[in-house]
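Shared between the two complexes below is chain A, which pairs with chain B and chain C, respectively.
This part shows the complex of A and B:
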């Protein structure tokens, strides 16, 4: 069964108003106030805690506990807090930010490259052992983090890798979910006929991949990159066990160590810095998601690619 | 331009990858898959093998490691700490996962229906918490949960009520469930929404001609179309629940009486190896949890896919 989708008319044509664009229902449905109100409840649930975080990043430590959580205190201390966060303990926060960037660039970048190559290979070639690759990779997704973390720690410690950036970067290089996304995306986005045409013209496999396939894979690559970036930026468990030296901490482990500091004897409570540091930690990711929205959302809906 | 119906959904298992793949060069595909598999072997397969090896030994004070066969496994099956941790995450997933996926599905359907004002605002804002690291989410909710100075305390003061302490032993699991739900509801919503977006317009047109109402369209077209996405999201959520670690371990400092070191199997394995130096037993606990997770995930997948056929 095939339907022809003519180039969508700018205005709905006369007669029964059919869908003019994907995602809209047939009759260009009337907007519903009730449904909007109900969805707003979920929207508030998502946004209010973030508002709490931002509002409280503007408060000095005393006001944090002395004023209402969802409104500003008398003194606006955001810039003071940011300055304190960046300079506290000889600017260790900046160091953590640098570490996180390093882990993200090398880890998430590498993970994306491996997933793109692997997904393309799985989608467009038959080769001995392909079924086994599928079974092993899907099975591995179900293995819990600790089942791997403890032995990985012991293995890396024998290899002398613990307490070095490599201990965080190397495990980040594998994203089974990224491979899976890229696989489905490549299967849809690259017409096999195009590959055959390139081969008939005598292009090498590498050249075919780099010049013909990579551009077609764009939205999928952005999507995988964003998801591996989030995974690496937010990674906590792995660096927690692999790293002893605070100089190599990423932001997540560092922030928690600041928070825990208040509970240790003689430790200074710096909750205002924990909160401001938290805001500084999430801003880059939210910015990346907003800026790249168009690309990663089309990458996620990979099935919508037409044949 | 033609479309085949139904189109492959984003989360459909890629067991049948598109059209006939290129045949030339039997091993060429390995050139692309090889790098992934090499690193994969180092960070997934080798540790799994190593942890199976570890689970069969016991560290002796004298004489190093001794082979003990299944003794560690017998110990785990008789270990009340392990069972209560497993029971706790099972309860957690039985309550939290349906709530989270239910909300995600409703929101995805609402946004897809085209009946919302400001739909892109909702899509982005509900997804936003996914970008927040578990550490930040937990620290933030931990502050808000405070009955003396936190938001809960503020509400108590402002309205003269006394809300129960979210960090008390009775409620702490619920409070953790709330943090996890908050973090992942938007992520799941997006997976469902992307799957809904690729339902071909022709199906809705046909339904409209047949006079089907909104609910009928949802039941007969939308839900079946995103079954693959539902199964995948369920499996990922189950895996996540069995692996629960970050949220309880960070909250532990705020609620040391409510959250023990063996609160979840993952925390138990962690404290066994990093505070107790019991690497062999820790590896055993981790392997049992790996097997439990895989069995449950596999069962869900079988059930979900069977209906599709």
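This part shows the complex of A and C:
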């Protein structure tokens, strides 16, 4: 070592402001090594599976098991894998993608619309039995949809609806959590005085809702839409028991059937296509999140500060 | 048996089949979403439920010969999943396919539930002698024939030669040597296991079959289940030692981990059916050249006795509108030109003529280092021990194997006790379903 020591980086000298006496504030939070390590671990935990998925989507079937899981190996087969995924078995993957989109657009879209209408009604109108409705909605949030899947199957089977897209769409239309969220959001976001003013001005209830309330509900609608969209996109158990015709499978059930194909004599192992298919399956969700993120964030935060 | 009890039995089996697999379809009149509805315009659609990928080419060829027929090959699930779907469709009376792939062990369950057409009506009797005895015997139920054999699974020892060479262990020819090899391999390299087993009904019954056991005796609706005979004893004595000494890997079969183990040499052998080469080639491509095929280890040195493991054929479910055409396809795919197409795709045939043909026997497998693997496999097909029977509710029985016999792998229970538990539960179930079981 030479005798000269590098100058220590200049630290900002404590300024005259009051908050610097304690050295930290909301703007300058206290640094914690433990917290940083913990956050890094949790961050890695969240990112590693995703990285694994993307990395392994670039491998051909024979490289999958013969190489280290978290790094690239062999030829770069991503595009070949994508092409194979989209064309395997007469392009059934594309059909499944279409089915999933149908279930999401009709199911999640419908669920959002119903939640908005119901939440608004419950928040802004009084009627007999409202407390009962509240109890039922809260109760319904607590019951997982999975628990209702088999009874729903038996009911739909009696009605002859199983093995049709309706069997997936109709149950998806009901979102107790979405309704509850819209209810609380509408109660906060729409001042009752505004409704009174509109009524005094002679606007009809429909017009009041469509032109005054709906824009105010925007962030809430986007939030509920995202929740129901993700729920419908990821829905597995319901379509699994409702559908036996592969032509109506959503991506989740379809990918699982590809995976199961490796588990028997005569079945072809296509793990590379399962992995590539999984990557393709999450891409639309990521896109939706990025596009709607702005609204979603403001939606989650709104109402948290009283102005 | 009176007509009435027969009817009740049939109904209970059909319903119980659906129930036992977790779902009961009790209605009819729904839209099956299938394409088996009679369609106008002079064209017919034949819906086939099968997971076997080699059928794709067969279907294409069949369609070329029958321009007025549209064949819809549907992968409605694999094994049990497909049986559930089929059972539901039959119970619901809609969406039933015209042809379904069914494994031999499951044929009796569907046949006795009158869910399948008796193919003797369409002339399946004429095919006597076409198929090797094991599968041909398996598709019979009483006087009827309910399935045409597509492939067969005479067992052999598939082994990773590279691993045996590396660790300097000889390839076993008897089960005693197999046990010794299991110890030697694992001692030489603790990451290597001679096989993985976490309890598999199909392979346990096949092992008992080869050892000369006859746990199941079926005569109409009179069924006997007995896991105490000498053959069962031989199997449990050996396998219990393997379990006790920790010589079996705890990787479940057919998982991605299992495929990985077969590829990277930590699982050194497989004692399975002759359909395995196609699975190895597609699922374990990276180990190409490492694997070889040897005859199944014997209980007595110098013997040559084998058993069947797996294998499936094509059946025609009751309720099809196109039985004649469906049978035509069955014959084409299992005994006609379709056989060669499937062999080319890597399947192991059940037809005697192909099993004995020079072209088949002399085929060199690059995957097996140029070995003429079919010589070993075809010999095994000829050596299958006779007289084996499966239960008429084997699908259910297999589904509870891991709760009973499979406990030997995870707890202190012995395999023998586990099998007796399996026996008790199977007997109880059979009696509930209207069979006379003891």
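One rule holds in what follows: the second predicted complex is superposed on the first by the 263 of 307 C-alpha atoms of A that agree within 3 Å, B and C clash if a C-alpha of one lies under 4 Å from a C-alpha of the other, contacts with A are read in each partner's own complex, and residues count from 1 in each chain.
What we mean here is this: contacts are C-beta pairs under 8 Å (C-beta built on N, C-alpha and C of every residue); 3 or more make two chains touch, one makes a residue touch a chain.
This one's a predicted model, so the numbers in the text were calculated from it and none came from an experiment.
Colleague: Where does A:173 make contact in the superposed view: on chain B (first), on chain C (second), on both, or on neither?
Modeller: After superposing on A, A:173 lies in contact with chain B but is clear of chain C.
Colleague: Have a look at where A:163 lands relative to chain B and chain C in the superposition and call it first, second, both or neither.
Modeller: Second partner only.
Colleague: With the two complexes superposed on chain A, say which partner A:260 touches: chain B (first), chain C (second), both, or neither.
Modeller: Both partners.
Colleague: Touching A:247 in the superposition: chain B (first), chain C (second), both, neither?
Modeller: second
Colleague: Identify which of chain B and chain C touches the larger number of residues of chain A.
Modeller: More residues of chain A are touched by B.
Colleague: Applying the document's definition of touch, where does A:194 land relative to chain B and chain C: first, second, both, or neither?
Modeller: So A:194 meets neither chain B nor chain C here.
Colleague: Does the superposition put A:65 against chain B (first), chain C (second), both, or neither?
Modeller: In the superposition, A:65 contacts both chain B and chain C.
Colleague: Which partner chains sit in contact with A:154 here, chain B, chain C, both or neither? Use first/second/both/neither.
Modeller: After superposition on chain A, A:154 lies in contact with both partners, chain B and chain C.
Colleague: Based on the superposed arrangement, let me know which partner A:271 touches: chain B (first), chain C (second), both, or neither?
Modeller: Once the two structures are laid over each other on A, A:271 reaches both partners.
Colleague: Looking at chain A, which of its residues have contacts with both chain B and chain C?
Modeller: 65, 150, 153-154, 241, 260, 263, 271
Colleague: Quick check on the complex: what are the chain B residues that touch chain A?
Modeller: Spelled out, the residues of chain B in touch with chain A are 1-5, 7-15, 17-33, 35-37, 39-40, 42-48, 50-51, 54, 103, 106-107, 110-118, 121-122, 124-137, 139-141, 143-144, 149-151, 154, 158, 182, 185-186, 190-191, 194-198, 200-202, 204-205, 207-208, 217, 235, 239, 242-243, 245-246, 250, 253, 265-266, 269-270, 273-274, 279, 282-283, 286-287, 289-290, 293-294, 297-298.
Colleague: Any idea which chain A residues touch chain B in the complex?
Modeller: 1-5, 16, 18-19, 22-33, 35-36, 38-40, 42-43, 45-47, 49-50, 52-53, 56, 64-65, 68-70, 114-115, 117-118, 120-130, 133-134, 136-155, 170-171, 173-174, 179-181, 183-184, 187-188, 191-192, 195-196, 199, 205, 209, 230, 233-234, 236-237, 241, 251-253, 255-256, 259-260, 263, 271, 274-275, 278, 281-282, 285-286, 289-290, 293, 297, 300-304, 306-307
Colleague: Going by the contact rule at the top, pick out the chain C residues touching chain A in the complex.
Modeller: 22-34, 51-54, 74-79, 81, 85, 88-89, 92, 95, 151, 153, 254-256, 259-260, 263-264, 273, 275-276, 278-279, 282-286, 310-312, 347
Colleague: How about chain A: which of its residues touch chain C in the complex?
Modeller: Against chain C, the touching part of chain A is residues 61-63, 65-66, 89, 150, 153-154, 157-164, 241, 244-248, 257, 260-271.
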